[in-house]
Structures are given as structure tokens and as C-alpha cells.
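First chain A sits with chain B, and in the next complex the same chain sits with chain C.
On to the complex of A and B.
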């Protein structure tokens, strides 16, 4: 017994180049589709992770542009402003506040970092309160420094990799020429903390001549308490601004949404192009087989049989193309990541393009849907070919 | 074999084609009856309406007027023309067709081509029939070849096997030897004769060739859309 599927499938081998080109077209568009959908979900996920891993929900910073502040926090950038440490106790008194921690950020130009030098980020933190915020930190080696004014450092995973340091080694702060003893090295967190070097707050204040000054206060709110009233109160404080990380996330998502719309339009266009290609291929092949299809009807095929035969060819093409495209997308996810990263205003750490099983299924379903729709017209056309017309063609040549 | 059971009866079958304002009666009032087990050949000059007639008899087309019965069953003549669906149902029940151009599916092997009709309609549920037919038709050794790899005569045999696999009552052959040389043509006609004799298959064959036509039990001649039966030849 030979099945319709076999007939359809074998027919696709008749014009190999054409079949392959069509499959490539579908593969490319499903690659675009799955990558872009993967980006849509991956970006939000990565951003959420970045923000959740900050360990606190609110930050107080000296006045400046809020976006800049947010980005600075996430990227550890420069252009810092300072406030007095006394702010800390004021904030801690508020009833909604669970914990507070002071941070002094400093950026030092390191001529030996990378090819043309780079900025090394130092965080001055309080060993009593900061670790409580970052409870998810795990140490690969050692642990936190104990004294607020020791010359000791805890290095993020990547910072340690880059500098090739182990616990017990010394590390030199460029520009200032001051040595710290490495007492702890963190495990990878997938966040900006990986590139940061943590040192005691007092020590950093002394080095940068910023006595009792800090750049940031991290605030952890009590569990189950609404942060809105607290935010209101904090807004009354002079010369500082409040950054709610939920807001930061929203703001960034808004900025990204334009990019998302564009990205989805591109995916849509890619799909339409593939669809036109499929319709064209199948129609041509139906036209070429006009007589053959007519003859199938003389050997007992109903219009519905022919319809299914042609439809099946379309589906096979789409399924093959879709599968190749998804495999391509999985293999090239890193490349896509880099490409997308290069055009985004702000990219969180971690994978931007997340392709999971569900997404693969969704994409396959979309491609199949396209196949079903593209196949309709050619299949309907073929189903209507009458055997008589097919035979007459031989008369007219 | 009960030789006088009527399998097909046509009464005043007419097919009119319109070409501009001109009307051409390609088949003009043809009446004939064919018994079960007959071997009929139709000859006639080009354009005389042979193909048009066979297409009507084979339910590939609706007549402009006239009546056709298959056995007891009235097909045309009840008023409105039959739909393509209805025609298909009758065709796959009753007819097998072969043509001058064999129309084998080039991507399928000989055996697959022969089994193809069963994919769409399996009248008896006997798919082992394909190999048996290939044996009868002497192309058994070619069953795994593609149509492009065998000769024209063999291709026509494959087409015959394909037409036979659903055990039709009537085999319609419109110039089955039109693309074959004399020797191969003769072989094909012998094959049809054999099927007629051994399987009791009713055969209607159109041909240009008088010698081939003479192999049939009955011969009709067409001229300008009209038909007349020639004197019965001695059937050897």
C-alpha cells in the first residue's frame, strides 16, 4: 500500500532545487520568528532577574536624571553625585522599612583592563548590612570582610577571573595605587555584581576623600507592605531622588516596547514573504502536473483526495522549513543575542534570546498554520482540475 | 460466460461544441449497446469524434443530450448533468482507462504506480492484486524501476495494470498504441485480448490502425460524429 503522504513526499524530490529553496525560505523566516519571540520573552526575563537580584526594592540617590540613575545603578556607570550618610538613619526610622544599607560607588580607570583600558567598579559597602540584602550571594572562596575600614576586598566572579586573583592575593586599585587583600570571591550571579569589587565603606570614603558621604541607599521594604506611602514620604527629602526598581523595570520595558513592535513587524514581513514563496512553489508545481492530477482522477481520486495531496505537500515543506529554522535559531542563539544587544539602548545581563520548548511549539504551530493557509488555494485549484481538461491538453499539444 | 448481458447502452448520445457562433456536433446521435465481455474497437479519421464518444461512454464528460445506461443503471438522460464528484464515483466503480500518453507518476516505482488507485479507492480491499497483475502483464521484473527506466510498451502495460487494479468492468483505451511501434502495438493489443478472454473484461479501444482494430470482436467506424458497426470479423 502506498499512502498519500508518500506520494506527496516523493513528489517534492522531483524538483529538488526548488524544494530546497522553498524550505530555506521558510527556515529563514521561522528562524527570524523564533528568535524574535525568544527575544520578547527573554528580555523581560533577564531584566526582571537583574532587578530582583539587586536585593532591594527602593534606592535613594542624590538628584539627577532618574533614567541615568537607574542605568548607573545597573551598569555601575560614572557621573556620580553624593549625599550625607545621616540620610541613612532618617530613612531607617520609617515604619515600612525593613533594612537599609549605604553604598558608595566609585569608578576607577584601569589602563590594563581590556585592550584600551576600562572602568573598574568599586562598591564601598557596610559588612554588617550589605550581605543581608544580598542573601543570594554565594562565595566561591573566603567570605565577607569584617571591619568597616579594613583594606580588604571581595571580588565578583568576573572581576576575579579578569584579574586572576585568589583569596589571599593582593589587588591594586589603579590611579590611587592602594593595595587591598582579597578575602572573598563570589560565585557567578549573572548580574552586574559579577564585575564589581566590594571593599569596606570607610576605606573607600577615605581613599576618595568622601568622608561620611555615600552615593546610594538601598532599602528593603518589610514583607507584604505597600511601598507607595513610603515612596511618597521619601520624595519629601531634599536633594535626593527615589528610584523604585519596579518603576525602572517599567520604564525600560516601555523604551523597549518600540523595539519590540519593530521586531514583530519584521517577523510578520518575513512570514508573509515565506508564505508567498510557498504559494508560488505549490501553484507552479500543480500547474506543471496538470495532466498527472487529471489522470489521478481517472484512477479514482476524489477532489478531496487531490486537495489533501497538495495540502500535504505544502505542510511537509513548511514543517521541514520550520524545523530547520528552529534548529538554526537554537544553534545561533548566541549570535542573535549579540546582534540584538548591539541595537538596544539597555541590555540586561544573561541570555536575551530565550528559546524554550513552549516557544518551539508555538513557532511550529505558526509555521504549520501558514502552511495550511498557503496550501488552501493551490490545493483547491488542483482539486478542481477535471480529467477531461487534462486529456484534452494532449490534443492541443 | 454469458455473452448477451448488456453492460452499456447508449441512445442518441450527442455532444455539441460551440466554437464562436458555429456549433459542432462532435458526437451526433450515437446509439449502441455493448455486452459484458465484448471487445469493441472504434476506428475513424482524425476529428471524427472518437475521443469525444469514448469520453461520454466513460463518464468523463456530460453529453449535450441522449441517454446512457450502465447495466440497468441510468447515468445520463435524467435532466441535469452530473457533478464531477458523481462522475468520479461512477468512474471508479465501473471503468479503467488507458491513454496514448501513459501518464505514469514519474516519482513512483512501477509497483507503486500500479497500487496508487488503491490509495484513493480500494474496491475489494485486495492490495496483493498489484503483484499478480504485474505478473500477468509480464512486467513483474520491472516492479522496482521508475517509469523513466522502462520502454514505452512496458509503460503502457504498467498503465493497464494500474487501470485494472480495482477490477473495473470496462476498460476504455483511447489510442493505447499511438506512441508505440508496430511490434509493441501488437503486443499491447494481444494483452488486451488476453484480459478480455481470461478475465472477462469488457474492452473498448479506439485506434487508427485497421489491423489492430481487426483483433476486436466488434468494430465500429465513426465519421463526422456518427457511428456504424462494421461486419463482425472472425475473432481469433
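On to the complex of A and C.
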């Protein structure tokens, strides 16, 4: 016996072009919807990962000091400000603080980089506390230096690649002409650490004559503790600036949320258009089969049967369109990623569009829900067709 | 007459659809996340091309690699011609090479090509400006970390390479540093940095061999 599904399916494919166009409309809407929702969760995840990858949630540095390597390089290694190392123990005593690590940034001019020279940056770090902050660091070769006074270096992936260094090789600090032995090469992290050369803190302090002076303190806050009261306390410290990465994240998310609302509105409009398309297709199909439905009723079909038959057609259209749209979104996620990256002022590393199973199911449910609502009116209209009226129309036709 | 959808037709259509879906999938998913090895580009191509090729009016950038041009077979050939294995973490088959094709109006007049080379204290980037016959027109060390870098980057040192071809470097043994013929006349301006001097010569020979494989052998064919 032929099932309702088969009848509905055959009905739809009597007008192939119209059916395909409707499916394309639904597919495009669901593509936009999935990509947007994927972007929604992907961006936040990537941004959080980037910020977590910094290893610390708060940074303290002397007022006016650049707080990351890129800015230091852009400024040609100038503008560094220092604070006393004793600040470290003061901060560590705060109850909200889990871990602290001192950092000394230093830069030298290398006249043999390109035509007009360039700046080479170094991070002096404590081999005991710094690795605890950067737990995601993995070594491609070697490991951390053990001694605070050693003339040893750990190189970020890109720094090592540019300098063609391997563990056991030597590097030379230009300007100072001091040699370091490479003891570790990090795996790629996708952060600024890839281009960084880490050396022991005390060694760098000695070279630059900055004994007991540092540029930055990295602070890791205890899990589940609100950082705001600590930030308030730290703001009271003289001549230092506080960079809260939670604040940075919040600001970026706020900036992005405006754009997200706009794009989400566009997606909703696309879905509404697709919905109207579904209603139009099914309604047209009902009118074209007016007599046929009348005959079905004369031979015993109940209004409920006709309603379910027409509803089934809507369901097939939405299921097909939704599935195609989701597949499109999955295939083109990377392209969407590239497009979004080209328009965003700041994009974190990692995938910006993350489409997982849960998102796929939710989107499919939304599309089916919207489709079923769109099918209500045509199905109800079809169910109310009176057999006599249908036959009379056939006779007069 | 409308064609009926036979099982074989349906299979063909299905295959076509699968291919259409699979191609972008492979492009965007599989090619995207791969991290390429580091290449060797001019820091400021507009300025550097003009300096190395004063008669140039424009240039075109081409990217290639040993993997792309001939894979393992080409790698072995290059190593044999060089007289040394490619070694270390960074001298690999997938290293991208940037070739700058130099034009005077519409006429191609030469090439600029650079290679990375491991030096004593850091990476050395050796660029050669070559005419259409593979003769060196200019020699340029873009980057070098050494106390004696200024001597090796000096134009006086670079001038010794002008006019040399790959044939002249056939007599240079990159492993022992023994030279014969024209390469024997290349003087090291910094005897204290013998390692970097040899590295510069190895880079030059490698550069010429790669250009011969990537460009000149194609031209001859």
C-alpha cells in the first residue's frame, strides 16, 4: 500500500523546478542560520582560548610600558618602563591571587636584519613560575632552562624557524654580542609566543643592567574568584597600570555583539522569506490539485488525512532544504571563516565558525518547526475543500 | 524526448553531486589548517627589486616547492647536485620558495630568488638576482646574525659573485668548503666567521640548483 509519505513526495516532484527552488530558498536560509549560530559560539570560544592562552588573567606593568611584544617591536624597543621586583611578593599576598610570575622585556637593535635593520625582542622569565602559567606550552625539542642565571634560551616555533635553530645551537644577542645556547624549541601555539625568545630572568637583568627590575607581572587568579575586587586593590598601587584580560574579552564581545545582532536580523529575514516561499509553494500546489483533493474526499479521505498529507509535503521540503543548508554550512565553514576574518577588525586565532552536532540538530529542529507552522494554513485550507465544490469546478472547467 | 532516470544515470548524477561536494570540502578543510614551512621572501619587494634589478619596471611573484615540482625524486636530485643532504628541522621538502620574475615593461629580464640557510648564530637569507641565462647579477644577504655580519653583507663581498653561474659552483664542495675554478677566487672577508662564509656559499649553490630545477630546466624543455 502506498504511504502518505510516498504520495506527498510524488506530489512535490510533479512540479520539479518549483520544488527545487523552494528547497534552495530554505537551504540558503538554514545555511545562513547555521553559519551565524556557528560563528556565535565559535568566536566566543576562540577569543576565550586566545585569552586563556596568555596564561594569566591580569597583568601589572609600570605606567606607559607596552604590555606585549608586538607593541614593543613596533615602538622599536623603546618606551619600556620598569618596576621593582619586590612588587611581586606584595601582589602574591593578595588572597585572590593563585600564582604570579615576573617578566622582563628587552629589545636590541639588529643592524643586519634587512636593509635598515630591525628590533629583536627577548623575554626574561622565571623558569619556576612562568611554565606554570603557560601549561599549554608543548616542546618540539628540549625543555625549559633550569637555572635563573644560565645563558640559555627557549625559542618560540616561528622564532626558531626564522633563525633555523635547533636544540644545542647557539644564538647571538645582537648589539650586546652575547651568546645563548638553545635548550628548547616550543611547538606552534598560534599566539605571539611563537615569535618570542625566552631567556632566564636574572641573565637578562644582568645583561641590561636592570637588577631586581621587571617590566611585567603576570597574575593568575584562583578559580571561581571574582577578579574585580583584586583589580580595585591593584589600581591603588602607585605608578602601575593594570590590564585585565577579562575586561579585554568583555569589550571585544560587546563590540562584536552589535554586529551579531545585525547579522542575526538578516538571518531572521531570510528565514521569513523562506517561510513565505514554503506557504506559497504548498498553497499553489493545493489550488492546482483542488479537484484531486475533492475526489480523494469523495472516496473516503477525511479532512485530517488531507491535512496530514499536505503537512507531510511541507515537512519534506523543510527537511530537504534544512539538510542541504546544513551540509552547505559545514562544507563552507572555512570559507565563511575567511570572509568573516576579512571584515572583522580583530579575529582571534582558531576556528571562528564552529558547527557541532548540537547546533546541527537545533537548527534542523528550528527549520522543521518554522516549516510546520508555515504548512498549517495550506494544510488547513486543503482539509476544508468540499468534494462537491471541487467536482463542480471540474465540470465547469 | 525527456531522458528517463535509469539506475546508471542516477549513479552518474550522484557521483557528480558527490564530487561537487567533496572538492570544496577538501579545499577548505584539509588544505586550510596545514602549517606550511617557512619560506624566504624579500622584506620590501618593491624597494628590493628596484635595487637588485635597476632596469626593472615590474615584477611577478611565483610560489613553488620541491614537493610541488617533483617530490622525493626532485629532492634526491637536488641533494645529489648539492653534494649534501638537506638536514635539520627546517630544510625540508615542503619549504615554499618565492621566485620574483622581473620585467622591463612586458619583457622578462630575470629573476630574484632567496633561500634560508642555517648559520652559526641564526638563519641566513641569501638572495640572488639572475639574468635569463642563470648568471648572477646581484648577491644579497638579507639577514644574518653574526658579529661579522657587516663584512659578509658588504657589497664588496657580494661583488665577487657577479657573473658566476651554476657551472662555476659545480667545483665547490659544500661539505669540505674546497673550491676550484672561479669559486676559488671568492675571498672570505671575515676569516673568524668561516662557518657563516661557507654557509653563504652553500646557500648560493643551493639557490642556483633550485632555480635551475624550478625555472631554467623548464625553459630548456
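Side notes on the structure shown:
Everything below uses one rule, namely that the second predicted complex is superposed on the first by the 241 of 397 C-alpha atoms of A that agree within 3 Å, B and C clash if a C-alpha of one lies under 4 Å from a C-alpha of the other, contacts with A are read in each partner's own complex, and residues count from 1 in each chain.
Basically, a residue touches a chain if its C-beta (ideal position, glycine included) is under 8 Å from a C-beta of that chain, and two chains touch if they have at least 3 such contacts.
Given the structure is predicted, the values throughout are model-derived calculations rather than measurements.
Once chain A of one complex is fitted onto chain A of the other, the partner contacts of A:387 are limited to chain B, with no touch recorded for chain C. Once the two complexes are laid over each other on the shared chain, residue contacts for A:10 go to chain B alone; chain C is not touched. Within the superposed three-chain model, A:258 lies out of touch with both chain B and chain C [touch as defined at top]. Applying the stated contact rule after C-alpha superposition, one finds that A:284 touches neither chain B nor chain C. Once chain A of one complex is fitted onto chain A of the other, the partner contacts of A:303 are limited to chain B, with no touch recorded for chain C. Within chain A, no residue touches chain B in one complex and chain C in the other.
Touching chain C in their complex are the following residues of chain A: 110-115, 140-141, 158, 160-166, 169-172, 174, 177, 179, 185, 188, 327, 331-335. Residue ranges of chain C in contact with chain A, taken from their complex: 21, 24-25, 28-29, 32, 35, 37-38, 43-44, 47-48, 51, 88-90, 116-124, 142-147, 149-150, 153.
Of all residues in chain B, those touching chain A in their complex are 51, 55, 60-61, 84-85, 88, 91-92, 95, 97, 99-101, 103, 105-108, 112, 115-121, 127, 162-163, 166, 174. Partner chain B is touched in their complex by these residues of chain A: 1-4, 6-7, 10-11, 13-14, 291-292, 295-303, 305, 384, 386-388, 391, 394-395.
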